[in-house]
Amino acid sequence: MESLHKEYEQLIYDKEGHIVYITLNRPEKMNTVTAEMFHSWGDALTEAEKDDDVKVIIFRGAGRCFSAGAPLDQVGYVYGMKQPKPGEKAGKIPMRVKINFDHSLFMDFFRHVLLCKKITIVQMHKYCIGVAFSIAMHADLLIADEECKVGHVEERLGLAGLSLMPIMIARCGLTKALDLCLTGKMISAKQAVEWNLINRAVPRDRLEAEVKELADGLALYPRDGIAIGKVGRELVYESMGITRGAMDHAILHTFQVSRTYEDDEYNAFKQRRDKGVKDMAHEKHDLFKTLDK
Amino acid sequence: MESLHKEYEQLIYDKEGHIVYITLNRPEKMNTVTAEMFHSWGDALTEAEKDDDVKVIIFRGAGRCFSAGAPLDQVGYVYGMKQPKPGEKAGKIPMRVKINFDHSLFMDFFRHVLLCKKITIVQMHKYCIGVAFSIAMHADLLIADEECKVGHVEERLGLAGLSLMPIMIARCGLTKALDLCLTGKMISAKQAVEWNLINRAVPRDRLEAEVKELADGLALYPRDGIAIGKVGRELVYESMGITRGAMDHAILHTFQVSRTYEDDEYNAFKQRRDKGVKDMAHEKHDLFKTLDK
Amino acid sequence: MESLHKEYEQLIYDKEGHIVYITLNRPEKMNTVTAEMFHSWGDALTEAEKDDDVKVIIFRGAGRCFSAGAPLDQVGYVYGMKQPKPGEKAGKIPMRVKINFDHSLFMDFFRHVLLCKKITIVQMHKYCIGVAFSIAMHADLLIADEECKVGHVEERLGLAGLSLMPIMIARCGLTKALDLCLTGKMISAKQAVEWNLINRAVPRDRLEAEVKELADGLALYPRDGIAIGKVGRELVYESMGITRGAMDHAILHTFQVSRTYEDDEYNAFKQRRDKGVKDMAHEKHDLFKTLDK
Amino acid sequence: MESLHKEYEQLIYDKEGHIVYITLNRPEKMNTVTAEMFHSWGDALTEAEKDDDVKVIIFRGAGRCFSAGAPLDQVGYVYGMKQPKPGEKAGKIPMRVKINFDHSLFMDFFRHVLLCKKITIVQMHKYCIGVAFSIAMHADLLIADEECKVGHVEERLGLAGLSLMPIMIARCGLTKALDLCLTGKMISAKQAVEWNLINRAVPRDRLEAEVKELADGLALYPRDGIAIGKVGRELVYESMGITRGAMDHAILHTFQVSRTYEDDEYNAFKQRRDKGVKDMAHEKHDLFKTLDK
Amino acid sequence: MESLHKEYEQLIYDKEGHIVYITLNRPEKMNTVTAEMFHSWGDALTEAEKDDDVKVIIFRGAGRCFSAGAPLDQVGYVYGMKQPKPGEKAGKIPMRVKINFDHSLFMDFFRHVLLCKKITIVQMHKYCIGVAFSIAMHADLLIADEECKVGHVEERLGLAGLSLMPIMIARCGLTKALDLCLTGKMISAKQAVEWNLINRAVPRDRLEAEVKELADGLALYPRDGIAIGKVGRELVYESMGITRGAMDHAILHTFQVSRTYEDDEYNAFKQRRDKGVKDMAHEKHDLFKTLDK
Amino acid sequence: MESLHKEYEQLIYDKEGHIVYITLNRPEKMNTVTAEMFHSWGDALTEAEKDDDVKVIIFRGAGRCFSAGAPLDQVGYVYGMKQPKPGEKAGKIPMRVKINFDHSLFMDFFRHVLLCKKITIVQMHKYCIGVAFSIAMHADLLIADEECKVGHVEERLGLAGLSLMPIMIARCGLTKALDLCLTGKMISAKQAVEWNLINRAVPRDRLEAEVKELADGLALYPRDGIAIGKVGRELVYESMGITRGAMDHAILHTFQVSRTYEDDEYNAFKQRRDKGVKDMAHEKHDLFKTLDK
């Protein structure tokens, strides 16, 4: 390793020849993606894009897994609200605060990854779930270890299909995409390869080496070729509705946070407030078990 | 079963908790889709959408199969024409009559299924063919029994690929979609799963239970979540050209009914007039056999 | 065979009943696609379209393979430049010359194949690579012999993903498409079937017969049906961004020929100039070997 | 007049030869558009579309004006909420209730007018404001009396530009459209002609006769021609993003009802609650006066 | 004048420095556009595009007017049918014949003009009507003499709005476009300037000189600049649905020729058959007079 | 004035209540837009967007005019090249450097202005030309003094229509847009109002007051309303191809810098090199005079 280039919050940025590693670094929380982390992520992408020697960027996670998605204890508070105490009601967040946050994550950052001027590879191990999986799908190539699980489990918080995006359909087709997004189930990396969601599943102890070998191969391309290749993808993604998907997704996210629950409905947020995150998570897991099939 | 909610022509509407069953009920005619049936179908969908307790709608067929597509004895007469006697010529149907009919079926009804405010599942057994398959593709999830056959056999009436729609490409990709639509062959449910056309193929005696279990799982989602999820899909389907596909398909249907046959061409409609539906069907089956491969 | 209808440069045009064979005929150069050949190809397509008796067009190659893509000794000189002698610099080609050439090949001809008024089948043996593969993807049905290799090896000249087109994503999905276009690797016909890129892989000695049988089956359709089916595809391809893809691809091709190489980058064109085509080809093959995985 | 065909709530339906008049009939409330009225309007459109003798539909208003837009005393309660008493808070409306209502008005009904199978003319007198103006823009031809005022005054309830739709840009261009939608000002029919928003401004006592003469002229067209002409417009409106505009507008309407007001902001709804509709209206009028320029 | 370059049927091709004049040359028939003429027109465009010295192309008409549109005595017979004798019925034309003709005129030729690699100017005098006007709108700049009339009078043959195309809306806005296309009225060049349909109206005796002066000015641009400018327009026209408009228009044209007339409807074609072209024309003129307003 | 918030290069940022003024501050160079200036501009926009109290942003220019467009002495060197000495050739700039620069200005910054979360007004005096005019068109409202000139004079450097963007067509229609972009002429503010390019032309001594009054009126809207209004415009601009226009424009800019000049063509860049900026400007002005008409 050449050296550590810069300090990012919840993220490590390493450069090695033509390759940059962006390592999610909140291992004690399974690298769940906080607001701070994705802001760092964007800044790190920009640093790598501005460095003319960088040709390939690898996303990976420190510790046990790539990323378990959104932090279950923060979902719903990303807009800056404090979590209410048991019995309290959450304060009202102005629409513009939600719009700005959701645009910066779901539109600006997703597009940043999608149109990043370098080649991007995701090196996924153990878990790549929820928003982490959405981000990963916007990269160029996805390599996972064979034990890795992917999926949109956050649907089971009550979203019922909202994770569906054009880029997901472009990858695995509408039939599989609806299955994953409506059931919220996780699938193995091997299935994800069969379903065309990711490129390769390799044994855990081969993951790093295989990704490195691929990155080294891609780094043989000239800088101009890599930049022009991305311009080509820009045009393709615009014409197929994939870029637009990120904008619509941002709006839909703001939209859905206003949803209500009827008395006869399972409200994961109420359970979290009353029982704590862990118990809610277990309860939810048991409740939706039949959708894992 | 709670009770029978309403009487529909050629259709049964049952509600069970949060689930509604819409059962095609022309078993003696293999549930082929008449003008009456699809009008009922639309009305039944609307009833289910207006019922706040309904979360999931299941389409299924009474009797031997889900649906064998369009009624072979009525194709060409859907616009209200009487079938001419042998030797007679069919009367001329004004364009506006065709436009209105085709818009109401191929645009309005297809879009109604696609954007239905509840989650929709198709429970297919034995056959899901032609227009029935086109309708099914607009639903959210498709589960078939292992013996079920799907395909666009109506192409062999002389359409040569007209069944191709963006939603089919979004499901199974252009390569398979062109294969199915150009050859008009039927494939098994198992192949249809491999081709990403449908979600699951299960043994016949497990079909009802599996669909029920899935529907029960999906009914755990909150009503608002289900409604917002459909708004999300609306945006996705618009951006990828899928919604537009239904409009274009309606226009193309009106367009193609004006086609002519040269003397050296197999004209299934002339054969039907002269030999009757059954003999024509057998003849056509033998003629196109090589395309089944 | 009825007779030879017309003389085309580097191409043979045969008609047999309702079927026309367009045979690439530069076998000593592995049917690499020269400017002359694709102009002939367009003219031959037009001849077949104007012939009311023709229903199906089969593309195939004379000699060892279908086509090895662009002629490696001409890449970069298609605009009419002479190859510079070792040490010389290439002359400057006006933008309009590039634009006109690239539009006529990558936009007009690709669209011509895509929207050809007859049903088109590609009969691929041994190799269908680079631009030949791009052309093939615009046809209706693709049948290969089991030994056939497909891929975008020309990426390794330094393009880094530029071959990606909406029609490729529509066929095999974004995940596989990016894999092929970023690595420039070749895959076998069998894999290409699994990846949904082509329709069928058959033993070499069955290839001609299987394609013929398929074409005969498709020739059972009425002329009007075939013409209307293509109108249907036109609408679908426009709505999904596939037609637009050809225009963008033409512009991108003109765009990328202005790319530069840094001193530390592998410049295949410089190597070709200094070492000759063959040595460059071997060198490139070895260099990029890790991307074949 | 032939006869009164059917009874609609808040609407009169008259047929005269090939012409149907749909007359908004809530004159004591300036024909402001209630939920009941637009439902009737849709039903009346459907009746006229089904009647093969009808060629032209004229929208007009009973009493003093065409329509003053949304009823100021109901805005915010269209979803079925009761108006809270002074000091009370409004109850929470589930998202799905808003979605369903907004889709039925802003998407389904706007599209119904846009794609109505007959030729549609709006006969506007005195006022055509807010949602009434949005509806009018979806008709084919717009004729006003010279004193008529048009505009999006409802913006001044705090929307700040939300009325902007692709169809408005298609009519008068983005520059004028933004002016009208951001300022919420009203312009005269004469200006509206100059701005290309409407077709003609005629003296008040000539309005009915001119519209009738135009309708009679258009009724010379054959029924098939009129129906096919609408199919042509369907294609044009889809390709230019105009149809999609109605869907997006529906979603945006649901979206914006969640907006909040800061303490230093003019909240028309709070003023209405505390001072009554009339005083709020006057206050608002004075406050925004500078934007009338 | 340099010299006459080539002989075209019904067309004169002159080159003068960097400018080419394409002169419609059927003056005795008011340069109405026959199948032969538009084929020549396309070939002449191609010749001019291939000539590297040509920068600007001027379309103009020989004799009394630019063009009176479609030849009224041939409308309906463009597909090669013979005009039936009084009392006879026209023969049935296969759909593919109509599709091919309509695609070549309304899609291929319209797009050819739209995307022509040189700058195009229409020099219109006296009349530019119907299909001639549709063609003219696809050129870059339109200059008319003050007495010139433009409009879509062919609508009065029973089309009822079918001339509406995205490019017309892009020019004059939807409000004016619908007015012109639904009424079929003609407007003066001066009005056409005010309506943004054309660029300039000049006195008749200044027309040629003004167009020449403009062309000379534009010919100051470099060849590459002109070619790249057209690439820019290509992208803009694709993104705004304008290019697609030509495809849809072709399909709609094929579509509408199948329309029928009820007994109570004015059927211009029947009148033409029974009374001759001239009497039909007068009759039609009188009948639709009120729509001229 | 409250205070000066921050120091920007070549730009002044002032905040006054809910209004921010961004003042181009290179008066000695007529506020021509350098790379530094537009980077500052973007940063200033971001500062204003992040300030919850800001509702309206006004762009204006210090000194004699708003902006004279691109600095004529830097055009062609924006990518960091040094201007070659007379007789020298310019060095070759890698494509990725051009791509990155053009994307950041023509795509990212144009979109930033277009989708800016506040309401934006351009206060134009004396000149708003070339790239400054392109930027201005992406704002919400444009007010000019009566003497102000607008236009795309940079076309006369040899672009021949490249300034045409969907947003320009959306404002003034294709006919006027092509006129301005092909001739490169300037028009007065009054004409620009008539052509629908800008909103208002007022006397010079009223300009500041009128803009302030308008801004104050718009600042009456609630913060949430303003933010949601922009979300609405986002959807509209995406659906009409306007957002995409900025991406295509960036690509086209990179594309066109590779253009060449033939010996018989006026090459403004060569003249600039050999004669200096001023003499070239005068020469160019005289040469293209006839296109001012």
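Letters A, B, C, D, E and F mark the chains as written, and numbering starts fresh at 1 in each.
Note that in this section a residue touches a chain if its C-beta (ideal position, glycine included) is under 8 Å from a C-beta of that chain, and two chains touch if they have at least 3 such contacts.
Note that the structure is a prediction, hence the values are computed from the model and not measured.
Touching chain D and chain E together: B, F. Note on D-E: its contact pairs, compared by residue number with those of E-F, B-D or C-F, agree for more than half at E-F. As for how the two copies chain B and chain D face one another, over half of their interface residue numbers coincide. Interface comparison, B-E versus A-C: the higher count of C-beta contacts falls to A-C. Ranked by separation of Cα centres from chain E, the top chain is A.
The chain with its C-alpha centre at the largest distance from the centre of chain C is D.
Averaged C-alpha coordinates give centres for chain A and chain F that are 37 Å from one another.
Separation between the centroids of chain A and chain D, computed from CA atoms only, is 42 Å.
Shown for chain C are the residues that touch two or more other chains, namely 94-95, 172-173, 223-224, 226, 228, 231, 235, 240-241, 244, 251, 255-256, 259-260, 262.
The touch graph of the protein chains shown belongs to none of the named shapes.
Of all possible chain pairings, those that touch are A-B, A-C, A-D, A-F, B-C, B-D, B-E, C-E, C-F, D-E, D-F, E-F. Residues 92, 94-95, 251, 254-256, 258-260, 262 of chain A are the ones that touch chain D when the two sit in their complex. By the touch criterion stated above, chain B contacts chain A in their complex at residues 119, 140-142, 167, 170-173, 196-199, 210, 213-214, 216-218, 220-226, 228-233, 235-236, 239-241. Chain A makes touch with chain F in their complex at residues 49, 52, 94-96, 99-100, 117, 223-224, 226-228, 231, 234-235, 238, 244, 247, 251. By the touch criterion given at the top, residues 158-162, 164-166, 169, 172-176, 178-179, 182-183, 240-241, 244-245, 248-249, 251-252, 255-256, 259-262, 265-267, 287-288, 290-291, 293 of chain B touch chain C in their complex.
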